[in-house]
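Read through the structures below before going on.
Look for subunit A in each of the two complexes below; its partner is subunit B in the first and subunit C in the second.
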Partner chain A sequence: MTFRQRHLALPVAVAIVAGCLAPLAVLVAFSFYEVEDFDLIPAFSFRAWGELATSGTDWFLIGKAVLSGLTTTVFTTILGYPVALALTRLAASAKGLAIIVLLTPLYTGEIVRIYAWRIVLGGEGLVNTVLQGIGLIDEPLKFLLFSPFTIGLVLTYNNLPFMVLAIWVSAEMVDRRLIEAARDLGARPIDAFSRVVFPLTTPGLAAGSLTVFALSAGELLTPSLLGGTSGATAMALVDNLFGTAFDWPLASALALALLATLFLVASAMAGLLLRLKGARAVIGRT
Partner chain B sequence: MEKRREPALSPLLLAMRSVVKTFGRSTAVDGIDLDVPERAFLTLLGPSGCGKTTVLRMIAGFETPDAGDMRLDNTPLAGVPPERRPVNTVFQSYALFPHLTVNDNVAFSLKLRGGVSDVAARVRRALDAVHMADFGDRYPHQLSGGQQQRVAVARSIIAEPRLLLLDEPLSALDRKMRGHLQIELKALQRRLGIAFVYVTHDQEEAFALSDIVVVMNRGRIAQKADPQTIYSRPADSFVADFIGNSTLVEGRIRERRGDTATIDTPLGNVTAPVADGLAAGDAAMLVIRPELLSTRGEGAATFASTVSNSVFQGERTVIQAETAGVSLRFAAEAPCPVGASISLWLDADRSFITRIAA
Partner chain C sequence: MGRIGLSVLIVAAGFLYLPLVVLTVFSFNDSALMAFPLTGFTLDWYRELGQNDNFLKGFVTSFLIAQPVGVLAMLLGLMASLALTAPGFRWRGLFAILLLVPFLVPKSVLSIAQAMIMSRIGFERGATALILAQSLVALPFATALISAVMVRFDGRLIEAARDLGASPWQAFLRVLLPQLRPALSGAYSVGVILSLADLTIAMFLAGRTQPLSLMVASEFRRELRPDLNAMQVVVLALTAVLVSLSEVYRRRRLRKLASEA
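What follows is the complex of A and B.
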């Protein structure tokens, strides 16, 4: 076998496969174990899988993770496109600065951000105080904090930079003359977007969507600390089962089921987006 | 021989008046007036940076003039976005949509318009016009440069624009393909009866295609005329230098008699046709085109020269000869030995005395 450029990827590929598959194998093994008197006993038991299969709560939480991932992806897409396209219009010198500003939220720790949101959205927080001050509302808006709204808002905010970056890189590669050609041929700006820019940036959208979906579907802290009664997540349940409840087999089974579900949804998303004509024109010419 | 059709007297299609466009501190277009008659093939010719592409982009609506007035069919163009102008463009880079087939590229404007019932038939006709009817299902990357250019032309004529703009459409093609497409473009323009505004830096292309050539220099129009006039009576030394391989010899006008003048140059006194507005005492430029020099002939304008270079180019040999410190270039049938003394005869009646460009 002669050495080729693609073989350079081998070491990393091996590390990724080993680092990913080995823990998964451990999880698979654990999911068939039994627990007796706080001891894990190797066995070939379907107890955990049976319990998972019949648990409405577990599947509800897995579905909730998928839904949370998808809604965050949709919101960041809608908000991300205008930002990413605006970035491409900036002068080269301004672009660097804009990217740094865009990523600023990521430099602050997650816990710091979460408590900052509490201050901003709380009953006596910034938003409510200002709205009451200018007389728009009499009572503080309760839904701002500890609600599904909060989770959606904060997940969108946290993940927006990833979506913007992915779309931006793709949008930079769209030849501006194609947009001019579209306008020349009678396309209003919105038509030029839907018929030329959007199709040709679907690879970036796919990359951003997969990133945002994975990050937000698996998010634990934001729902727990800002979601109030609606903050239960499959992740938190896994954490609870591994820790306090000491039911490692069920925790493993739930984790595997969540992983498989998210993997399927992500694959479907990738397949859908990358099969579009625009994506094929950019990433693969067959 | 077929007589040249005169484009004059055609109604005015596009009128530009005192149009200015600056980018930052540089002035790309410096107050130009330009008329494009209906059905004309007008070429903007000039070196890179002369403002010709900016003029084209202002007509298309991609750039907004800083000052001046532009009208198409006597309707002001100010504030009209590109998509609402009855003008289409053939881009230098073709700018075909990579994710659409040839058919979909060509149908783009009709589909946007909506309500067009015979899209497929019109696409077929447009592709037929550029001999690309068999390529409808291909994607742009499956086509050669010349084929992509044909598709770009089909795409831009399908909506039947009042005016077609072409931005150096053939510059990326090899010489042979360029020659073919020049002939086809000219034929297409005649058949469609659409006015073409064509941008190029290639004077041969400009002469081959155009009814009207507009030579531009540093954001201004240096000369606007038919190709023969541009060639034989260049308005100033810039035009003379840009067109062809003329030798320019600076001198001073001794006296003027009607349309001819005698100019005092390092080569001696030469009497030749003269540009309007030049008078005795003015500094001026004698334009000697290569075909006006020969080693045979009789007359007053004969120079003793020494051959300094002889380059065989196939159909002809380009010879450079030195006379009184001036390098004269001309074409000869046969090579000459370098260093040989020759007697050069100038057909002064066909040379031209023009003004010195600012």
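What follows is the complex of A and C.
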């Protein structure tokens, strides 16, 4: 067998299988193991899965992860569309700069962003000071920090660039003459958007939603460092079972249940978006 | 470009940069409390930072871990892109999905699973584990960057080189590689940047290695300190320098290629 360019896939595939798929497969095995005296013993026990199935907390936390992923997806969509559409109107020379401006916040460390938001939203932070300064409130708003609001805001912030990028790429491919034709035929801008632009950008929206959902639903740091008492997550519980309680079977089962649920919701979401008429038109064309 | 479009972009940029600007402002503020109103300008926090040996050590550790991550992400990304664009590759769809796995599986789940398998097979957690895991997470980004250039590459150039007697290896080195250099430097920087930005993977796989992000996280749980602000700004500035350097390099290469053509 002579060497061909396509054979370069092999080492990469081996790396991903060994580094990502094998650990996930091991999770499956561990979820059936037993623990005795802080030692993991190979077995075929349904103890962990049984415990998981009857635990209200675990399923509540998994549901919370799904909800957090969906909320973030909706928020980034609502904010992402106007930004992406405005970006398509930029001069070609300005687009390169726009990409850098858009992506640089993504490059800042996870902890840097969390740290910075704590300063912005704190009792004597920027938002409260400004609001008090203009006399809109008398007391600092407490709900800004360590609350579900904080988690939603910061997750939206973290993921907005991904959504903008996905919709932007899709919107660049929409033939501008279609929009002009719609306007000439008397469509209001809002109708031109809902009946021409939105349907034709659903593939980008689907890609963006999949990305944002996957990244935000499994996030561990933002809720635990900025969520206060509302910051409990399924992943934090997995971490706890793994590190402190040494219940690896239950940790594995919970992580797998979370992963499977996220996968199902994500595929359902992407599937629904791609079945819209516009997406079929775009994908059918190329 | 209408007025509405412009204001949308300005508001969006404001939102994206607001936390970073506030962070920078407080790193120069002459008060130990991170509260408005500002009290005055000082460089004390930077001076304090320079004298803190722990932070310097952490910074060197992070930097040394980030370099191999950049190189590995670039090499693996190059191989993946070459395979993805290879003629007659039957498993292309499957391979593309495989490449998305490290991106779509939450980093927290992945790192915990990796930590479990490592402790089971006796692979010690530490710098090596961290480098390998971070390279895998950077791989989809690196591949996307390199493939984006590769799909636009005119395959006939390779054929021409081969017809003129170049071996496949020579054709790759002298025709394709020069075209790819900007994308490769981009892939390398993305690896470095993602490694510097990471905390989640480090939490599970760093072992006794102490990169900067872990140090900051443990300080963060206790209190906010202005010298931490200063440090975040330094990390931010270095990242910005890296991004701009690779962008300048990319543009210069493109201009050179354009003038040669």
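Everything that follows uses one rule, which is that the second predicted complex is superposed on the first by the 263 of 286 C-alpha atoms of A that agree within 3 Å, B and C clash if a C-alpha of one lies under 4 Å from a C-alpha of the other, contacts with A are read in each partner's own complex, and residues count from 1 in each chain.
Here is the rule we go by: contacts are C-beta pairs under 8 Å (C-beta built on N, C-alpha and C of every residue); 3 or more make two chains touch, one makes a residue touch a chain.
Not measured: the values here are computed from a predicted model.
Partners subunit B and subunit C, brought together by superposition on subunit A, fit side by side with no clash. When the two complexes are overlaid on their common chain A, residue A:D58 makes contact with neither subunit B nor subunit C. Using the contact criterion defined above for the overlaid structures, shared-chain residue A:D247 touches neither subunit B nor subunit C, since it reaches no partner. Of the two partner chains, subunit C is the only one that A:T108 touches; subunit B does not reach it.
By the touch criterion defined above, A:L87 lies against subunit C but remains apart from subunit B after alignment on the C-alpha atoms of chain A. In the superposition on chain A, contact of A:V196 is made with subunit B only, not with subunit C. Contacts of A:A182 after superposition: subunit B is touched, whereas subunit C is not reached. Of the two partners subunit B and subunit C, it is C that touches the larger number of subunit A residues.
Measuring from the middle, so to speak, at the Cα centre of subunit A, the directions to subunit B and subunit C differ by 90 degrees in steps of 10.
Of all Cα pairs linking subunit B with subunit C in the superposition, the shortest spans 13 Å. Residues 60-62, 81-83, 87-89, 91, 93, 95-100, 108-109, 112-113, 139, 141, 155-156, 159 of subunit B touch subunit A in their complex. Listing the residues of subunit A that touch subunit C in their complex gives 4-9, 11-13, 15-17, 19-24, 26-27, 30, 40, 79, 82-83, 85-87, 89-91, 98, 100-102, 104-105, 107-120, 122, 124-126, 129, 157, 160-161, 164, 210-211, 214-215, 217-221, 225, 235, 238-239, 242, 248, 251-252, 255, 258-259, 262, 266.
Interface of subunit A with subunit B (complex): residues 175, 177-178, 180-188, 191, 195-196, 199-200, 277-278, 280-282, 285. Contacts from subunit C toward subunit A in the complex involve residues 1-2, 4-6, 8-9, 12-13, 15-20, 22-23, 26, 33-37, 76, 79-80, 82-89, 91, 95, 98-99, 101-110, 112-117, 120, 132-133, 136, 139, 193, 196-200, 213, 216-217, 220-221, 224, 228-229, 232, 235-236, 239-240, 243, 247.
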